[in-house]
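What follows is chain A paired twice: with chain B in the first complex and chain C in the second.
Here is the complex of A and B:
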């Protein structure tokens, strides 16, 4: 296999660092410090819980914002700057370029998440709580967030292959929100007595990316364990779904007239 | 534009920013004053449905629950001690909090206290507190603390000793439940509101919480129970005095002078007991100890 996707990925990561994307970590750090100091003053009995819930929510939201708003610009920026043309003039296939861009953004998100995880651990340590074996669930929740981000990035990249950044961001957010409500769409269909609607909503449920699968924030907050089977099933689901979206993206991008 | 005038306009701009910010802050304080009365009237819960909020939170419901719980604490804290205050939003806020996170045990436990405390310390709605804790048990059947809290509500507030005993007994079967719960259940079933049972319940309440407010409350109850026991004991000595001298003692000092008591008896807060106008012993007027709420 060609080393080209790796080269593109490393360059995408470098570009993100140059663009000061990781500055969001300062915001995350301040948020964690503020929460660690303030929560004990304004609430009762939830110091630890708030740090975990707020930390995981911030990791998820910041990651989502990055995945959507950087993901939708990955291809567009290269076309705007016309760097894409010189790149594709070399022996780089279009799908390799796409795969590299995807991997580069994932690497950026993973590094960002790693630093935020360290910040979360520091905040938990600050509120005077010793680490316990149940904290493994916090790491599982973070892993699930990364899987979610991998899917969102793939969707953002797909839309960016044929649409403007603004529209791509809107489409990606729409798919994300619909994916969060996938279960409700199926349940809504089940409430109706119409077999046609039931089949349609059930089909939609399986077609949409079910982002609710990746939510383990509540379990992490309460120290509940996550079954190992769910970890590998979610991993496979994210890989398979991301492959589907990236394949579609590469098909669209391959046929795109770049003139 | 030359460099000098450009530098001057930069410093002017830099000076203008804090001045304009100060002006904006001044205007905001005026607006706040003008709208304060309106704002206080408008305090209401825009969304009453926890289920709807759970959907709207897009999967971030655990954090939303924490925010609502903090709102409950602030809402309660702002009203405690105010005789005119209404606690109307307390129960809906607690319902939303526990719908957003059904495993937020702290919300059921403290929420029940906030709801059941008589006014002005709480909403005075033990019925709602019982409902809240029952919902907590349904969502967290393995947590003995909730059965214990339910038992305390029946025992302390409703004086329904049969239901209290049943709650303590159910809690004693939960994982990690302390053995004392079985004793408490038996004690409540046999003796109802006896001193010993009350002492066991409040001692366990003191031990099972890390919250200083609840610990203080439990300690006050334990002190009040001890004072009540002391008063009963002292009343017997007063009767003994009457038998010996044919009259009631004028003060507690008479009991000391006649050596019926070895020294001036002090209540758990360190204040001397006194003999009241009815001839019964009671805590002194300066003592912070109140009557136990048995």
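Here is the complex of A and C:
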């Protein structure tokens, strides 16, 4: 196994940290503190639901914003600033560089999510609620958010290989939103009597990433368990889909002439 | 025959041009070159001649339309071979969140050195390029000249056999230029091959065993600097000052131009001694005598003509 992606990944993580990307944690911390204090005063018996829903939604949204807006610049910025020139002149394959950038951003997102998870746990502790075994579902929901971010990052990286950050962000967000409603699009197609629309919506359903399955926030809020089969299924789906997207990104980037 | 350090065969690069990208602009036209091991090889040409395109092709940053290249007998597509080469891009820009020390350490990691070896090399090369004092300053605070020095250090930190430098003197002050020249000569003494592009003729004259001249993407010739450019002294420039500002001797007053408290005359090589005698007779103090040579740009204008050069640079080939 080549060590090159690891070297690139560590540098990508270090760049994110030094560019103060993790400052969003301050915002998350303040949100959780405010929510904990407010919820303790106004809600009766639904502290858990409100804090978990708010916390998980914030983790998801902040992670998504980071994945999209850092992901779309990952390769483009390197090409624009020409920082990858002296790197690619070394014994580094282009796919190794891509894999390193991807792993570096994933590491950043994982560390960010870890700190937000600690913040959420602190908020739950503050409102005086003891931890119960059902809270494992909260961790599962966070794990699903991470899988979702891994997919979004791969898609953003793919677009970053051939288009500007603005367009890449638009494309990535479009894929994300369509992916969230992939099931609804297929159901809509089934309702129509037009075979062409049915084929198109079914194709979209299978081609686009199905983000709906990664949302376990409601289950976590209500303390419902998540089937182990779904955890396996989502894990496998995210790995396979991300690998396919990254392979496509590598194919595009491999023959790209750098300005 | 032993493998050359660099062998280039018919290397050609076309770029799409025009709104519909149906036309092709030829940036490099069937370039063939051979550079031997241990040579300092200058790649000369005016801006837009195709020098950077050639270097980018050799570094596989762009891909050739036609042709091949080998370095030390191995194809440029052979990725592990790139462990044997170093590259300084033109106007380099590096990760500005890193310090110079961290950047060199980062690049040294790609050569698989252990921590102790990396530390030794990084310290050595930071000192060599004269930025040891700023080793722990983030690169975002570096001047252009300092970045150029870091760029040279990263190109040689892994002690490669063949080093490619794209305009290595660019952005450097006279002291920096001198230091870079010393580094190149030192690399030559170590038996390494240095291939550098420049449009500054004196650099090539001073450093190169051989040069290649490129104009409009086409090779104009290769050889020793004097041979290829046909450097001839056009005239001699004499700088002098007169005692107490008494004025220029009448015989050469028409030729002289004033530069503050000093005067400058340009005379033919054959008339130099006569002019100097006159100045001496008039009590003038001669400050310097410098041969005036054509610049590379002048050489190119003579070689291909202004219009022809422009036509070469934007040669259009309909697909």
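Rule of thumb we're sticking to: the second predicted complex is superposed on the first by the 253 of 259 C-alpha atoms of A that agree within 3 Å, B and C clash if a C-alpha of one lies under 4 Å from a C-alpha of the other, contacts with A are read in each partner's own complex, and residues count from 1 in each chain.
The rule is simple: contacts are C-beta pairs under 8 Å (C-beta built on N, C-alpha and C of every residue); 3 or more make two chains touch, one makes a residue touch a chain.
Remember, predicted model here, so these are calculated numbers, not experimental data.
Q: Overlay done on chain A, so just call it for chain B and chain C: clash or fit.
A: In the arrangement built by aligning on chain A, the partners chain C and chain B fit side by side.
Q: Is A:60 touching anything from chain B or chain C once the two structures are fitted on A? First, second, both or neither.
A: So A:60 only meets chain B here.
Q: Once chain A of both complexes is superposed, is A:90 in touch with chain B (first), chain C (second), both, or neither?
A: A:90 sits against chain C, while chain B stays out of touch.
Q: Which angle, to the nearest 10 degrees, do you get at the Cα centre of chain A between the Cα centres of chain B and chain C?
A: 150
Q: Would you check which partner chain A:7 touches, where first means chain B only, second means chain C only, and both and neither mean what they say?
A: second
Q: In whole Å, how close do chain B and chain C get at the C-alpha level once superposed?
A: So the smallest C-alpha gap separating chain B from chain C comes to 23 Å.
Q: Based on the A-chain superposition described above, do chain B and chain C contact any of the same residues on chain A, and if so which?
A: Touching chain B in the first complex and chain C in the second, no residue of chain A appears in both lists.
Q: For a test of understanding, state which residues of chain A touch chain B in their complex under the given definition.
A: 39, 42-46, 49-50, 53-54, 57, 60-61, 177, 180-181, 184, 211-212, 215, 217-218, 221-222, 224
Q: Report the residues of chain B in contact with chain A in the complex, numbered from low to high.
A: Listed in rising order, the residues of chain B that touch chain A are 55, 58-63, 65-66, 69-70, 73-74, 101, 103-104, 106, 109-110, 210-211.
Q: Note which residues of chain C are touching chain A in the complex, please.
A: Within the complex, chain C contacts chain A at residues 15, 56, 59-63, 79-83, 85-89, 92-95, 97-98, 106-107, 109-112, 151, 154-155, 164.
Q: Okay, in this complex, where on chain A does chain C touch?
A: 3-4, 7, 11, 14-15, 18-19, 81-83, 85-93, 255, 257-258
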